[in-house]
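Can you read through this structure? Questions will come right after.
Chain nomenclature is as follows: A, B, C and D, assigned in order of appearance, with residue numbering initiated at 1 for each chain independently.
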Amino acid sequence: MSNLRTEEFDINMGPHHPSTHGVCRLLLTMDGEKVVKVVPYIGYLHRAIEKICENRTYAMCIPILDRFEYVTAMSCNYVFSLAAERLSGIEVPERAEYLRVIMLELNRIASHLIFFGTTAMDIGALTPFLYALREREYIMDLFEMTCGQRLTYNYIRVGGVSKDIPNEFTPKCRETVATISDKVEEYKRLLNGNPIWKMRTIGVGKLDADLALAYGVSGPILRASGVDYDLRRDDPYSIYDRFDYNIPIYQNGDVYDRYMIRLDEIQESCKIVAQALDQIEDGPIRAKVSPNFKPAAGETYTRIENSRGEMGVYLVSDGTKKPFRVKARGGSYPHLQLLPEIATNCMIADLVAIFASFDVILPEVDR
Amino acid sequence: MGIIKKLPVYSEKIPGGGIVTTSVEQVLNFAQAKSLWYLLFGTACCAIELMCTGASRYDFDRLGMIFRASPRQADLIIAAGTITKKMAPRLRTLYDQMAEPRYVIAMGGCTIKGGPFYYDSYSVEKGIEHIIPVDVFIPGCPPRPESLLEGCITLQKQIQQRKLGDWQEK
Amino acid sequence: MIAVGITVALKEILASFGLSGGLLSVVTYAILASATFGLLSVLALFLVWWERKIAGHMQQRFGPMRNGWHGWYQTLVDGLKLLQKEDVRVATRDKVVFFWAPVMCFIAAFAAYIVIPFGDGLIVADLNIGILYIMAITTFTVISLLMAGWGSNNKYALLGGMRSAAQVVSYEVPMVASILVVVLYAGSLSTVDIVNSQAGNFLNWNIFRVPYGPLAFLTYLVAAIAEANRTPFDLAEAEQELVAGFNIEYSGMKFAMFFLAEFINLFTVSAIAVILFFGGWHGFEFIPSFVWFFLKTFAVVFLLIMIRWTYPRMRVDQLMEFAWKFLVPLTFLNIIIAAIFKHFGWYWEL
Amino acid sequence: MNNEELKAYIESHYGSQLTYNEAGKYDLLFEVDASNLVTVCEKLKNDSELLFDYFCNLSGADTTERFEAIYNLASTKKKIRLDIKVILPHENPVVNSVQTIWPAANWYEREMWELYGIHINNHDNLTRFLLHDEWDEGFPMRKDWDAPDFIRFPDL
C-alpha cells in the first residue's frame, strides 16, 4: 500500500459554505480526508466601518458600530461610548451603569446561545441549534421591550442609555434569566453525556496557553486554555466589582472546554443580571450630553470583555464633533489568524469543529 | 423543461386549449410557490435574523421552505446582508449555479441600496440589483422575521400569478 | 387473511384471461412490480413529510403547515417543483456516470422490495435466498453514490462518495453478521421462512430470544443507520463539512431520485428489522397482517428519525474504528454465543 | 502597578527610547522612534516587571502630515496596559515588523499596509486580503483618498 501514488488537492471552503458562519474563505490543501494546510482569506465583508465613522458625529457612529459585531451589538455600543466618555471625562449616572451591565450580560448570554447552537449544528446535531435559538428569542423580547430592536440596538449612548426600561421588564427579565439558567443544565444533559459528542470534541483542536497568548487570543478561548484573564476583573470597567460571580477556567483548551466554558459563562451572566436587578435603584439614566458632543482632544484604546474575547476601540479625537480615527478591534480577528496553527493535520470534520468552537463572526474580522 | 415551455404554443391551436394551459399553469405555479427551498446564504446581520426565522418561533418550514446548502438544489436565494465588491462576483456565481426557475429576495437595506454603508464606504456594493435580478425587496436594518415571512409570502403570490414560460425569460 | 400468496392469486386471475407460459409470469411480475413501485413512491412521499413533522415537533416547531392539513401534501408539491426544475448538467461532468448514478440509486432502492413480505402472502417473489438478495441489491446504492461523487467532477462530491463507499463496505460486515444470528435460528435465508419461524406468541420474536436477540438487533440497527446514510453516520452528505456531499451537483429530478431513494432505504432497513426481529406480519389475528407489518415498520422508522435528530455526527476515522474494532468483534462473538445456544437448545418455542 | 508607578518605571528604565505623550487619556502613551521599535518591544516583553505578553491591537492613523502606528500592549500577568506610538513620515512610511515578538501582529500589520500604505519590513506575507483582488485605487484609509464611485456623507 505504501507505494500507492497519492496526490494532495486543494479545496475551497467558502466564501459560501454552511459552516464558515458568514463569508470566510478557507483554502484547504487536503490529503484525502486530512487537512494538510489551511489558509484563511478574509475581506468578503469588509464594509469600511472605520472609514465611515471618521465622517460621522459621535452619536452617529454608534449605529454604524452596531453592525461591527451584530451578535453582541450592545458591547459595540458600550465600548464606543466608554471610549468617548473616557476621553471627555463624562460621569455616567448610577442607574445607567446598572442598565448597561444588564444589557451587556443579556447580550453575552444571547451570543453564547448562538455559539452553542451553531457548534452543535456544525458537529452534526441539528436540534440543539433550535433549542438555543428558542431561548435566545426570550432575550430578544427583552431587548425589543427596551429599545425596540432585535439585533442592532443603538441603546447605550455616550453618557448613559437611550431609554429607561419599562415596568414589566424587571419581572420578565428575572423569569428569563432563571429559565435560561435551567435550560443550560438541560443542554449539558443533552450533549455532555453523549459519547459521540465527546469523541468529536475532547482532545480536538488543542490550544496551549503560550500559543494562545502569542497570538493575542482572548476571552473564553483563552480561559479554556487555562489563562485566568478576564477584563471585567483585570482591567475593570463599569460596575462589575459590585457583583459576585465566578470566572470559569478550563485547562485543556480543546473544543470541549471551549464549549463548556461558554455554557458556564451563561450561568454566571445570569447571576450577574439577577444581582443587578436586585441592586438597581431609580435615578437619571443619562448624563447631559449635547448631540454635537465634542470630546477633548486625545486618544485612548478602550477594551471590554465581549463574548468573543477582547473588544476594543482605539479612538482619536481632535476636538471636533467627528472622531478623527476609530479603529475597532474584534476578538475574532486573532482567532481566525490562529486557525492555521492548530487546524493543520486534522480531519476536515475537526476543522469544522475547531472553527465553530472559535465562534468566529466575520464582520468582526473584516469590519 | 422544454415541453412545458412549448405547451402554450401547441395547446392554444386546439379549441379549448387555453383551459389546459391555465390549469397546468396554476398547478405548476402552485408547486413552485409552495416549495421554495432557500439557499443557506447570509453575509451579515440579516443572516442572524434569517437563522431566527428558520428557528422555532417563526419557522420557515411552515411555508414549506427548507434550506439547502447546495445552490443546485435551491430555488430561492435570500441575499441576507451587505454585499461587498469582493463578494459580488461570488454572489453572481451562486446565482448562476442555481437551477431555473430561481428567485431572489433582497433582504435588508444593504442589499437594496447599500443601507448604512452607502456613504463613505469604498468597498460596499450599492445594492445587488445590478448583480442579480431581484424579485422582492425587504427593507429594514435588519428586517424583523415577520417582514421576512411577509416577503416570502409576497414572492409566493408573485409566482402564482405568473404565466407559463415567464420564468424562462428572466 | 390472504391465505394464498398474492403472486399465485394474480397468476390465477391472469390465467383465466387466457395467458399462459412465460408471458403469464412476465405480466404477473410486471403488474406486481408496478404496484410495489406505486406503493413505495407514495410511501416515500409520506415518509419525507413524516420526517419533517417529527423533526419539527422535536424542535418545538410545527414543520409544514400550509399545504393541506398539517401540510400533508407538502412533499407532493416539492416533487412537482423538482420536476419543473432545470436539470443542471455541469460541463465537466463524466456524462455516462453522472446520468446513471441517480437511476441506479433509485433502482437499487426499489429492487429490494421483491422479497419483502408486506403481509401474509403479500410478497412478489419468495426467493429462497431472500435476505442474501437484499444484502446484495442494497449494496448497489453505494456504487451509485460513488458514481455520483465521481461523475460530478466536484471535490466535495468525490469526498462524499468515497466516504460513503468506505462506510457502507465496512458496515456491511456487522450487518450481515447480525443477520446471520437470525438465519441460524430460522434455518433459512427466505424472508417468509424467517418470519414464520417467529410465529405464534410474541415471545417468539427474535428480539426476545435472550441473550443474543437484543444484541443482534442493536448491532443491526447501528449498521442499518450507517447503510441508510443517516445521522450519526450521514458522512456522505455531511452538510456542515461537504455542503451536500455526493449530490452537490444534482438538481431537479435527479436530485429527487436520490432524495426518494434515501427515504426508501430508510423504509427498507426498518422493514428488514421488522422481518428479522419483530416477527414480520405476525400479531393478533383480528388485525390484518399487512397492518401489523406497517405498524411495526413505522415504529422502527420513527425510532430512526428520532435518532437522526438527536445525535451529532461521527468523524470518518471514528466511524471506521467503531465498525472494525467494536461492531465486528461484537457481532462475531454474538454469532458464537447464538450457535452455542442453538446447539444445546437453550431457547424457547412457544 | 498603577499608571503613575508604571510611568515612573518606564521613564527611569526606558527614558532614552520612550518619550511620554500626554495625548493618551486613560492609559499611558509613549512615543518611540521607528528605528528603536523592535528592540524596545522585545525589552518590554521580556522585562520581568512588565511582561507585556499580550498584543491587543495595532492601528494606523493618517494625520495628513504624517502617519502614526499605535501599538496597544497589555500584560496578562501584571494586569497593566501600555500604548506605544511610532511616528512615520508621510512620504515613504516604513516600519519594522514586530511579528517575531508577538505573532499576533501579523495580520494587523498586513492590514495597515493594505489600508494605509505603510510598508512593513521583514513581514513574511505582505499580500492583499481585505480589499478585493483587482483593487488598484490606492490606500483607502488615507484622509485624502478619493475614487469616482466614492460618495461622501453630506457635510454636517
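Please note the rule applied: a residue touches a chain if its C-beta (ideal position, glycine included) is under 8 Å from a C-beta of that chain, and two chains touch if they have at least 3 such contacts.
Being a predicted model, the structure only gives us computed values, none of them experimental.
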**Report entry** Greatest separation from chain C - chain, by CA centre
**Finding:** D
Report task. Can you check how far apart chain A and chain B are, centre to centre, with Cα atoms defining each centre and the answer in Å? Result -> 31
Report summary line: Rounded to the nearest Å, the gap separating the Cα centres of chain B and chain C is 35
Query raised in the report: If you average the Cα atoms of chain C and of chain D to get two centres, how far apart are those centres in Å?
Result: 63
Report task. Averaged over CA atoms, how far is the centre of chain B from the centre of chain D? Could you give it in whole Å? Result -> 45
**Report entry** Two or more partner chains touched - positions in chain A
**Finding:** 17-18, 43, 46, 48, 51-52, 54-56, 130-131, 134
Report summary line: So chain C residues touching two or more other chains come to 59-61, 239, 243
Requested in this report: Pull out every residue in chain D that's touching 2 or more other chains.
Outcome: 130-132, 140, 152-153
Report task. Give the pairs of chains that touch; include all such pairs. Result -> A-B, A-C, A-D, B-C, B-D
Requested in this report: Flag every residue of chain D that touches chain A in the complex, lowest number first.
Outcome: 23-27, 29, 53-57, 59, 61, 63, 70, 72, 74, 76, 79, 81, 83, 102-104, 106-108, 129-132, 140-141, 143, 152-153, 156
Query - Complex contact set, residues of chain C against chain A - result: 55, 58-61, 155-156, 159, 163, 231-232, 234, 238-243, 309-318
Query raised in the report: What part of chain B is in contact with chain D in the complex they form?
Result: 84-86, 118-120, 122-123, 126
Query raised in the report: What part of chain B is in contact with chain A in the complex they form?
Result: 40-45, 47-49, 51-52, 55-57, 69, 71, 81-82, 84, 86-87, 90, 94, 116-117, 119-124, 141-142, 144
**Report entry** chain A residues within the chain B interface of the complex
**Finding:** 15-18, 22-23, 43-48, 51-52, 54-56, 63-64, 67, 70-71, 114, 129-131, 133-134, 136-137, 140, 150-152, 362-363
